[in-house]
Structure formats: structure tokens, C-alpha cells
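Chain IDs A, B, C and D follow the sequence of writing; residue 1 opens each chain.
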Amino acid sequence: MSELWMMIGKRLLYGLLTLFIVSVIIFGASEMLPGDQAQALLGQSATPETLAALREQLGLNDPAPVRYWNWLAGAMSGDFGISTSNQRPIADLISGRLYNTMFLALYAATLAVPLSLVLGLLAALWRNSIFDRVANASALTSISFPEFFVAYILIVWLAQGGHFTSLARIRENTTFVQRLDMTFLPALTLTLVVTAHMMRMTRAAIINLMASPYIEMARLKGLSPLRVVLRHALPNALAPIITVVALNLAYLITGVVAVEVVFTYPGLGQLMVNSVADRDMPVVQAISLIFASAYVLLNLLADVLSTLSNPRLRHRR
Amino acid sequence: MTDAPLLEMTDIHIEGRTGDDWVPIIKGVDLTLQRGEVLGLIGESGAGKSTLGLAAMGFTRDGCRISGGKVMFDGIDLLASSVGTRRDLRGSRIAYVAQSAAASFNPAHRLIDQYTETPVVHGVMPRAEAEADAVELYRRMQLPNPEEIGFRYPHQVSGGQLQRAMTAMAMACRPDLIIFDEPTTALDVTTQIEVLSAIRDIVAQFDTAAIYITHDLAVVAQMADRIKVLLRGDEVEEAPTREMLAAPKEDYTKTLWAVRSHQRAVQPAARGVPLVELRGITAGYGRVPVLKDVSFEIHKRRTVAVVGESGSGKSTAARVLTGLLVPSAGEVLFEGEPLPPDFRKRSREQLRQAQMIYQSADTSLNPKLRLRALIGRPAQMYLGLQGAALDERVRHLLNLIELEPDEYIDRLPSELSGGQKQRVGIARALAAEPKFIICDEVTSALDQIVAEGILNLLDRLQAEFDLAYMFITHDIATVRAIADDVVVMQSGKVVEQGEKADVLSPPHDPYTELLLSSVPEMDPDWLTRLLKERADIADG
Amino acid sequence: MTFLWILVGLACLGLSAVVLGWLFRFPLVALTRGELRRAMRGAPLMASFGMLVILIYAAVALLAPVLAPYAEREVIGAQYLPWGEGHLLGTDNLGRDMLTRLIYGARNTVGIALATTALAFSIGALLGLWAAAVGGWVDTVLSRIVDALMAIPALIFSLLLLTIFGTSIINMILVIAAIDSTRVFRLSRSVAQGIVVMDYIEAARLRGETMWRLITREILPNAMAPLVAEFGLRFCFVFLMISSLSFLGLGIKPPTADWGSMVRENATLISYGDITPLLPAGAIALLTVAVNFVVDWQLHRASGLKD
Amino acid sequence: MTRSNQNGLSRRRLLQGASALGGAALILPAGVRRASAEPMKGGVMRFAIAAGSTSDGYDPGLWDQQFVQVFATARHNYLTEIASDGQLVGELAEEWASDDAVTWRFKLRSGVTFHSGKPVTVEDVIASLNHHRGEDSTSAAKPIVESITDLTKDGDWLVVTLSAANADFPFIVSDYHLAIMPAVDGKIDVTSPDGCGPYVVDSYEPGVSATLSRNPNYWKTDRAHLDGIELITIIDPAARQNALLTGEVDVIDPVDKATVGLMQRAGNVRIISVAGTQHYVFPMDSRAAPFSDNNVRMALKFGLDRQELVDKILNGYGALGNDHPISTSNRFHNSDLPQREYDADQAKFYLKKAGLETLDVTLSAADAAFTGAVDAAVLYAEKAAAAGININVDRAPNDGYWDNVWMKKPFCASYWGGRPTEDWMFTTAYTTGVPWNETFWSNARFDELLLAARSELDEAKRREMYFEMQKIVSDEGATVIPMFASYVMATNDRVGTPDQIAANWTLDGFRAPERWWLTA
């Protein structure tokens, strides 16, 4: 067990390193972005004098390394600063959005993960059957439609029919149940987007094992195909399945800006794109770090779970 | 008990699919088994032994089908019965013990869970009862700590113990018939004996009928009441064991009996500076040393056999020699000059002089390269051959290993048989024109007749090119056949070394003695006698 | 009721795919030789259907100027005309012929996707194989960098980069390829890690082969199967990426027709029950499915599974 | 302080204004109003607005997008207001006057309070205007108040002194930036939503939504009919339209012009189209070759099919432009100028005059300039090709368009929201050397006329001058102005509006929240 802790510790350190590299990359990229925040804020109305005044006010005149250092020092002490656009503390600005993003990600995952596991298992169980082929072809079709397009189709089908709302208007007093109802369509869209990948991986991971001697052994013990798949193949296929689930969870957290836009859902993705457009670098940095942390932590979690699912690694000789 | 046989297979035809075509694997074999009887099924790889054994359960592997014949098990027509009926029989009345227990136990579950699964699913007994029964059977299989061993995961248990646990698992429902599919092939000789005796005892105790599949005559001689010989899906002959051993009728059977004929001429004793010398090598992975102060010499034109069981460090010695593993102490000398310990520091010439032939040609030949490139590459690199000269050289090498150049030069490894692949491995080593070749278990994955051919070839080449061999093996028979000198290793140390005649004749080091005595002999009473002898020694 | 009709439609589609696949296998078998012919004869119907689709796409892409009724950027009438004579699939948001745009789209989209994926694989696979073959600090450094790059969401990262460098087709190819190559790196590294422990790699090392030769001759050929499979998927993801970028206002420069941007440009129509925007999306989907059918078959062959 | 006499365009009529809110709510020709248009009270109207960003805030100097503009007008009042018919009326200023167009006096309405309960004073007005003035002002409105040299208080009166005469000054203080906010120590608090307008802010999430409820103490008794409003940012056009179709919102702005026809067919939707001053332009850098040659400019002006652009880009919701920025809704629109049409021969003729056979230019465009800008550029290129003009359309990223392309690239797409007065428009973008002169165009005669017209108080003379200026810009200017884009909005059938809807800005001059009502 101590080896597991060692691994977690090492991976966390690597994670910090990753976050650091990410922050440098993002900062560097934002430095290279044409124009700065003053121009972005004033837009077409900018004049040289107002630009200069606004730059001064926003502290954009410091050299880049100084600004990076200031930001880093602040971030290390847990202070991500204030949004330079509208002087709101970034923690406030982001916390609500982060909750929304996590809510939607978990909602979609709750729909998608069981669905894709069941479909993947059934496809593996009945491989090369009509079911398998239809599931495979529809999964491929669903991933080859752009997300926003899937969203439009769902809106036409489900929202114009009056079944669900196409506008996720989250308010402070929105109850949990209302929230579930309001975000059903975005969650469904994301479910369609990620299910295919996870389903195909589950199927492949299980089929990959079906030629193993221990599966043949299980069949020769007179076990039913379902039991063979569930009890003998699945536990050994967990590692790749967990990995792909983690990858998709990370995607659900970090990659859903199009869906947020279509359903006007106030998540982090939109905020990020907005902040890039506004050159609001403290916000961009903070969100990048949140995204990177989600990625790092989910990967770590996947590795820990894979380790735990593997008795060879769980119990040494 | 009735007089009707327990299992009666008549005119079994089995086909396997390659692409769109069906190729026959079993071509009309009959098999009859009485209750409590053990039938040995013997043949080379590809003879269809396992396929036939599985067919006795009404089972075929994916891509195979039973295209004709009838399997009657205790009055039930297996092939005509429903999937459910067959499933009910499997595990409960007909059980299977696979070749590699390590691969056939599910790594995700504890032994006891896998044991109890069959009786619980088939409704033979409840879980608690099954657990108690498991302990009882583990004890009978002479497993250490029978109360606890079931609560371990497969990877926590050694290969020999796993094989016994698997036999116990097969016994869980007290089946009428067990199919043993090469249960000891993957084990070391000393371990093999324990497993063989345990299997033999328990089959006898429960009066279970068995089909015992193996390629090893000496093993089957200990286990079976009758022996059936298969060759490429056809039955060659069948007879009671002693009868078959005493007087095989068919030519093929006779060749099987006579394979161990190769004998290397005695070479003059070694003199002068050794070609290769390991001096005081200590090496290992991480902090644990695998080799402890190992020294031996290899002289020109001589074959040194390094013998030991798995984990003895014989392959590690080869890795130190080639420079893949840098020793923590000691040095490797070539013609008296020390070699840089890391192969990356060695000159191209030094690399050329020592070549290696691997145990598994499947993993040592790049599956995507044709023989022309596989064999030609060392000649191209070391000797600078190009174009027609290179082609000429490759053809010559193919001739040396007795493969027709025009037919084989543009083949992929996957288009060759096991023995041919191993020959290609040899040709690749020869292409560098080395003085010294390491042969790492080169025959252990091959059938005996094929192995014999390889040994003959190596012997011939040695004489032709003045080669020195380091021959790593666990098989005493091979040692007898090919070695000039023998180095016996155990847990990283050399326990005995010297000329073959000295090492293989008494007095022995105790470990050498154990190794030698554990090699099965063709005598059907050998196992009984050996166990008795050992029991006497233990008592006495 | 509509749902039922959709089901019936899909069933017909599936059936015709099977029939087409079956029919196409005859020319495939007839026109190939030796090893390839054996493979073709054993090709599942879905794979043969996939090959037919890919072949048609390739032909359309190559023959675009011949096949298209109008010029790529020619305005032929009012916008969003319904399907009809003179404009079989209607017109787009600027009154250009939809069919023409789809045909040229095949050329541009497939070309761009191919270039992008090829570049991504050249960079990613080589670095990945190198990292696995060399190990040590090279591996560690490369893996750390790739990890960090992968921790930045792909869409947002490409948005950043394209804003910096501009959205010319070249930049788009470079940026998407760079981001994709991190994913390829990870895959090829893990595949290669399984290969570098093989005896034949050890033999090649012991022979003193150079790293370049080790990677290109010994490792790469054996890593091809999973890489090809990944190529199939990545290839299709490029369309989606372009489409998503177009959604964020950074698509292919007009008036170049590409399916990703076409989906975006005409997407609003779907809200009014017009299925025209389904055409470019369908073109992408059909190609994705077709490519993956072929890839699945190839993987299956490579894995040596019998059923 | 006498009221203006109603006939003629006397000096006093021009220089004096007053709230018209005493009687009829809107200055409308009698008889246009219908009984059905009678406003009803109550309800919450939900607006879906395209532009809104997380970086939006309460600082009036940085308001630049529709969401904040409507939001600001919903909670703030201004000194003056442009009524639905384009006339200037007083809002917080009860009346105003000037003798020389240099010194302006505004009388502040009494009894008006901020949402916080504090009365609105002249000090608040001064602080609010001062926010946009001065050296370190970061306000986008700085250029329009730059001419103010002094602000003083005289009892209930605000006295404004200008550096030069400006007959249109009262129009300027209706600008949406110049909201009147409460002063604290002589400065306004740019983080506070407090205002004296029709609605009080309940919640605001920048870039997402704002909810407001009716100001119970609002001084206009016949405005702000609703209990509350909700403003929602929906950036995606399809999503916006879906929101209206599925009944999630009551008003959407803007409507995607390309699919407006389809939308109209889709259900109980009312399309509101207002022809206004907003125009889409393709400015050229008049300093750079080949655009420095007016013949090239003329060739480019003849090389595009304006009608096609209006039809395809605006889907008919707009008017033809004539290469000058003054729309038909302006007071002094020059209707004598012949409409310039697509004419490849003319274009060729001018090319030849410039000594060219063919012309290769790059036109940079992004939809950030205006919706459909890229498509418009593509259509432009298609038609210009016939005249030997090869236009290479360079699609620039939306993000950063105004910083990196506009006024940086020699030929690009741009738009103007339009200004209520000719002077304002010309001063902003056509005078020599002003910061937003996007073509860097300079014409002495034009500059001279502009100055003269600004202080000219005789309307007939002014009209003449503005007519000439329009002709100069049209024939010599460096901007291709193909079209005036209507503001196109859509509402569901529950929304009631006055018959006349203001054209100065979208959403009834941003004032839909206080002018519109719900019928059910």
C-alpha cells in the first residue's frame, strides 16, 4: 500500500510541474496574442489617450516577467487576483461557474458512463451480432457530428416539442430538481458525444480479453456468457475502461464550450473563451489551471483506481 | 457402474478457419474411455491433441467447428444436446485443467473464489461447504498452508502450486472426467514431479477418468493406462502403456521413442587463453543480486552448457556477457582482453564477435521484415556487403540452414514453422561471422524431432566455423546431447562446473543430483520408484 | 410516428450498406492479387462497404471540378433555395449551389484533414517512438511537456494559437497537427513501450543499430496497426475540430468550401426542420463510419482474432 | 425662458428643448396610434441579447455592447433622450437653452431620486459627465465630451461651456455612455448599479443575465409598464431564435437576417425591423497605394452589387448605401445624389483612368465587423472580378479584430452604429486627423464645411452644407458604404410596442424596457 502512496505523491509532484508548465505556456501565449486588454475593453472606441490611461489603470505597463511573477506569487498564496475587466475577485467570478461546470459534467457522466458500459458490455457479449453493428455504427455517427449540431438537433426534437427547455437559466434560487430539468438537454448532448468513445473502448477492452486462457477456463467451467463477461472479463478490463472514462470526464469538464454556448449555460468554457477575447489574463490563467488540474487529478484518480483494480499491484507477493 | 464406456467419441472431424476456408484439424478420430481410466494423448505440436481433448467436452475454440462425428458422454449426445445441457455438464461432470495455470486462473479473483464458483453455479453445494471442501482438496493436493492458500491471488502463488490448485478446482464437483492439457509442460523438472504425483494420487483416490494430453513420452508413461498417438489430426496407434512402450508398432511412434539419439563427439580438452571468460561477476536488477560471484570460461570450438531451473540466473549471465546488464562487480574478458561492461561502449567489432540466438524465434525475429533483411542486415552492417554480394551471402546462409533460398528469401517469419524460424535465428547469428554464439534455450519451445535437427545443425556449424557456444538450457537431455563443459547454476551461484563427463557422473553436488534424478524416464514405474526412494531418504 | 419512420429509414440505410458492401467485394477481389486478394475475399461486408465509400470520396475529391455543376464560389441564385432543378440540393446561405459546395468540400476537407493528420502522425509518432526507445531523461522531458500540453483543452488551445498566428489554412493545419500530435505521441509511446522489450529490438540494439534505423525499421513497422487505427479516428476528428473552431468564429477562410464550416454556416436551418445542414454533417459522419469500419477490420486482422 | 414658436425653424427652436413628456408619451403624428397599442401594466419581459461578455461591468466608460447598453438604459436616465421619431426631448433636463451654441444651460428636473432614495442633483450630473473627461479618463466617450471646457452649477441649472460652438450639443448628452449616476465626493462609483432610471437591478451576472424590477418611485408615470425585466445573453444566433420559438424569452435581438424568413413562418413571431443609421462599410486606407488614387476608390465603389448585399447579407432588411454615412432617417439626408449602382464598365473606366488594367487587393473581414461581413466580402469579390478587380478575401479572427485589422489593414470591413446628427457622424469618422477616421482621409473643403455647419444656425444653409459634404464623401471619400442595415428584432405575440419604434439604436433606442409592454 505504501507504494501506492508513493505513486500518488510522485504523481502529485508531476502534476504541480504540469500546472507550472501550463501556466507558463498560457502566459506566454497570452503575451503573444495580438492586442491587449485595454484595446479589447475599448474595442472600436479606443483612442490612443484612453488606451494609455486604461493600460496604466490595469497595470499592463509592467514588463511581462514582472506580471507573471506577480501573478504566480499571488496564485501560490491562493490569491488569483481580481478580474482586470470588471474588478471582481476571480475566486467569486469562477466559483459559481466552476460549480455549474462540475454539475453538468457529473450530470452527463451519470448518464453516459453507465450507458456506455452497458452498451459496451452487451456489444462485447453479442459481438458481431446485429446489435453490436448497429451500436457501433450509431456510436460512430454520433461522434462524427459536431457537438453544437447534436445540440441543435436535440433542441428541434425535444425542446421545440415542448418537452425540455433549451435555455439553461440557472439562478441562485434554482432548486436541484429544476436544475436537473433545465440542464437535461446539455447533459444529453454531452452524453451522446462521449458515450461512443467509452462504449467502443469498453467493448474493445473486453473483447481483447476474450481470447485469454482464463476466459476459456471460465467457459469450460460451464459458466453462462453473461457471467463470463461480468465476472471474469470485466474486472480485468477495468484499467483501460477507467482510463477512458477519466479522459472523457476531463473532456466533460474542459471541452464543452460549444454546448455551453448553445444552451447559454454559464460554465467555465464560455468564461474562458470570453476572457481570451477580452484579454482578461488573470481569469484565463485561473481557468487554465482549473482545467489542467482537472485533467491531472482525473488521470491520477484513474491510475490509482486502475492500480486498486489490479490485485497484482494491490497485493504484492 | 455400467459397462458402457464413460466417453465415446466416434469419427470426430474438426475444422479450423483461415480466412474464408475451413481446414481440417482432426480427421476422423475415435476415442473411448472407461470410468476411472486414464488415457494419454500424445503427439507433436499441431497434432490436434488439445482440440480433440476439448471436443470431449463438446467445446471448440473460436474459429473451429466440429464438422462430423459423435460425442457420447455417459449416454448423453453432447453435440446434439442444447447449449444449456452442455454448459451444465462442464465443470460439474467434465472438468478441464489447462496447460498454464498462471494464465488460466483469473488474476482478478482469489483462488478460493474461483474454486467455489463451479460448485455454487452448478448448484452442487453452497459456498460455505465448498470453501471447506476446497481446504480439504488443497490438503490432498499437498499444497502448503491449505487453510490459507485459497485466500491468495494467483500471482501470489508459485507455478507448481497453481497447477495443483487448478487440479483441485477441477475436482471441486467430483467430475467423472478431467481433461489434463499439458499440465506440467511449463514447470521446472523438480516441480513437475510434485505436480505429477499429486495429480496421479487424486485421480486414483476419486476414481476419476482422465484424458492426459502431453508431448512428453516419459511423463505420459507415468500417468496413463493407455496411450493414443496423434499425428496431424490422425490417430497413429493406441495401446496400453506398457505394451506401447515395449513395442511401438508404427514407424512414427518409433521415431518418437528414438529421438534422443544425438550425441556430440568428445572434443579435446581445452587449453590456452579462453575465448570468453566471466570473472567474479556479481550483478542484479535493483539492489537484489541475481548473480553472485559467477566465474566460468568458454574455450574456442567448445560448447559450454549452463544448466539451471528458472530463477537460477543463467539468462542473467548471458545478459552480462552481451553487455545488456552492467555487473556491479567482476569483468568479462574476450580473448583475454576485458570488454566494456556496457554494450553501447563496445566497438562494432566486439559486438560482431559475440552473437545470440534467442529462445523464442517469435519474439526475436522482427515479424515485419523478410528473411532477406533479417539475415542480410548483420552482413550488411558488419561486413559492408551490398547488392549482389549481399544477396549471394544471404542465399549461402539460407543454404547453410537448409532452407531453399529461392523459396524462402522473401518470406516473413510468420510464414515459417517454429523450427524454420529458429534456423533463421541461427543464420542471422552466423551472418556476422562471429567467434562465439550464445544459445538461450534455443530448443525448449520446439518439438523433440525438430529440436534434434537444430542441435545437429548447430553441431555441424560449430565444426565448420570453429565456433564456441554458450548453451543455456534447463533440459538435461539437451546437455547430454550437445555439451563439452557443463556449468550448473542455482539461485545465482555456480554449484558445479567441469567437463560433461565429470559433472554428469557421480559423485554429484546434491542439487545436480536432484536435477538429474528429476528428469522423467520412459519407465512407467519410474515415478513410483523415485518417490519411494526420496521418501526413504527423507525418513532415513 | 416520425421516430418509426426514422427507424425504417435507418434500417434501409443499413441494409443498402450491406448490399453495397457485398456487391463491391466482387470488383475488389477481381482487381487485387495475391495476399491482398486473400484479404479482400475475407473482408467483412461492412469493411468492403467502407472501402467503397472511401473510394467514392477519393474520386469525388480528385474529380471535383469535373463533377461539380458550378464553380466552387459561384453564386447561382437566392439563398437557402429548396432542393430543385438547377440546384439539386438547394443553395446555401449565400446562394451558392449546395451540391457544388459539397463536392468541393470533399476535396478541401479531406485534403486538409489528411495533411493535418499526416503531419500530426509524423511528429507525434516519431517523437513517441523515440521517447520509448531511448527512455531516460529524453522520455521524461518529452512526456512532461506532452502532459502539460494535453492538460490544456484542445479547442481552447487551438483557439489561442490561431488567434496568435491567424487562420490561414497552413496555420490551421499546423496548429491542429501540433495539438493532435501530443495525443499521437502518447499512443505511440505506449505502443512502442510494448515493442522495445521484444527480443528482436534487443538483438538490433546489440547489433549496434543507429537510433533512427531502430525506430524506423524495427519499431515503427510493428507499431503500425494501432497507429493506423488511431489515424482513422484522428482523421475524422479534424473535421470536427474545424467545425468547432468555425463555431467559435475561426474556421477555414472563405470562400473555400469545407464541410466543417458548412455545417456551421447552415446549422440554423435545422431549427426550422430543413435537413440541408445534415448533408455536410452526414458527409462527415459517413466518412467517419466508413474509415472506422475499414480500420476495425484491419485491427481485427492484425490482432489475429479468428471470429 | 419662452417656449419655441411652433412654426419655422427658428434659432430658438433649434437651440432650445424641453421635455415633451407632459402630454402625449411620444411625439407622434396624430392618428398613427391605434387603440390596440394601448400599453398594459405588469409582467416580466425577457430579452435575449446577442452581445454580452463576462468582462462587462458598471463603468459607463467601458460600455460597448448591446447588453450593457440596454442594461444601462434600463436603470439610468440621461439629460436628454431621442424620442421614437428621432426628435430630441428632455429627460432629466427639463429644458435647455443657449444663445451662442458655446455656452449651454440645462435645467434639472426636480423631485427625481436615485434608487437609493438620494435626490438627483446638478453635482451628480457634473460628476457623471466628468467621469468621461480629463487627462486620465479611460472612457470610450471621451472624444464626444472633449469639447466641454467647463461644467458649473447655477441653482437648478447646469452650465456647460464648450471650446467651440456646437448647435447639436444637446444631442450629445443623450449618448448612452453619459448616464447620470450618484456622486460620492464629486465622483461616481463605477461599481454601483444605482441610477434613477425605470428599473432597479436585482441581480447581475456579467455575460450571463441580469434581472431588474420596476423602480416604484420612477418619475415617468406612463413609462416602465412592466413589473420587471430579465436580460439574457444568448450569443449563438440559432440558440437565440430557438429560445424565442420555444417560449423561453419574449424578445430577441438581433435576429439572424439569413433565416428571418424561415423564422417568421415558424410561429407566433413578430419581426420588428427598423431602418436606422447603422451602416456597414469597407474603409480603405486613403494614404496607401493603390487606395490613395481616387480613381481606384471609385472603381471599387462601382465594383460591388449593393442590391445583392442588401438582399443576401441583410436579407432585404436594410437600405442601399450611397458611399456616405448619412441615412434617410437623418435630418439632412441628401436625396439629390443619384444612387450608385453596380457597374463593371464604370469600374473598368475608373481603373483605366488610374492607369490600371486589373487590380489586386486584399479585403480583410471578420464577422466581428458586422454579421455577414465575410460573406459580404465574398460576394463583393465575386462581382468585382467582372471588372478586373481581384479581391482576395482574408478572413481575420473575430477576436482582436478591432485591434489588429481595423485601421491597420488597408482594406477591411467595419460598421458604424450611426450617430443621431450629421455633425456627430462626420466629426467622429471623417474629419482630418480624428482618432476614428478609419480611412485617414483628409479633405480641406469638407473640414471647412463641417466647422461652418456646426455653428451655423440657419437650417437651410446647414442643409446645403451637409448636402455638399455628403457629395464630397460619396465621390471622393475612401469608404465604400454599400448598405444601411436595419435593426431586426423579433418578439412573441405577447409583446406590445408603440407604433413607431426609434431608429437611433436597436431595441427602440435601447429603451424597449421602458417603452414596451406585455399584453398577456
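As a working rule, contacts are C-beta pairs under 8 Å (C-beta built on N, C-alpha and C of every residue); 3 or more make two chains touch, one makes a residue touch a chain.
Predicted model, so just to flag it, every value in this text is computed and none were measured.
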{"item": "C-D or A-D, whichever has more C-beta pairs in contact", "value": "A-D"}
{"item": "Chain B-chain C separation of Cα centroids, rounded to whole Å", "value": "46"}
{"item": "Inter-centroid spacing, chain D versus chain A (mean Cα positions, whole Å)", "value": "41"}
{"item": "Multi-partner residues of chain A (each touching 2 or more other chains)", "value": "33-34, 148, 152, 155, 160, 211, 261, 276"}
{"item": "Junction residues of chain B, two or more chains touched", "value": "61-62"}
{"item": "Shared-contact residues (touching 2 or more other chains) in chain C", "value": "159, 163, 267-268, 270-271, 305, 307"}
{"item": "Touching pairs - complete list by chain label", "value": "A-B, A-C, A-D, B-C, C-D"}
{"item": "Residues of chain C that touch chain B when the two form their complex", "value": "38-39, 41-42, 198-200, 202-209, 217-218, 221-222, 224, 305-307"}
{"item": "Interface residues, chain B side, partner chain C - complex", "value": "16-17, 19-20, 61-63, 322-324, 343, 348, 351, 356, 358, 360, 363-369, 377-378, 381, 428, 432"}
{"item": "Touching residues on chain C, where the partner in the complex is chain D", "value": "73-75, 78-80, 93-95, 159, 162-163, 166-167, 249-251, 253-255, 267-272, 274"}
{"item": "Of chain A, residues touching chain C in the complex", "value": "14, 17-19, 21-22, 25-26, 29-30, 32-34, 127-128, 133-134, 136-137, 140-141, 143-149, 152-153, 155-156, 160, 207-208, 211, 254-255, 257-258, 261, 269, 272-273, 276, 288, 291-292, 295-296"}
{"item": "Complex interface listing, chain A residues touching chain B", "value": "210-214, 216-224, 227, 231-232, 235-236, 309-312, 315, 317"}
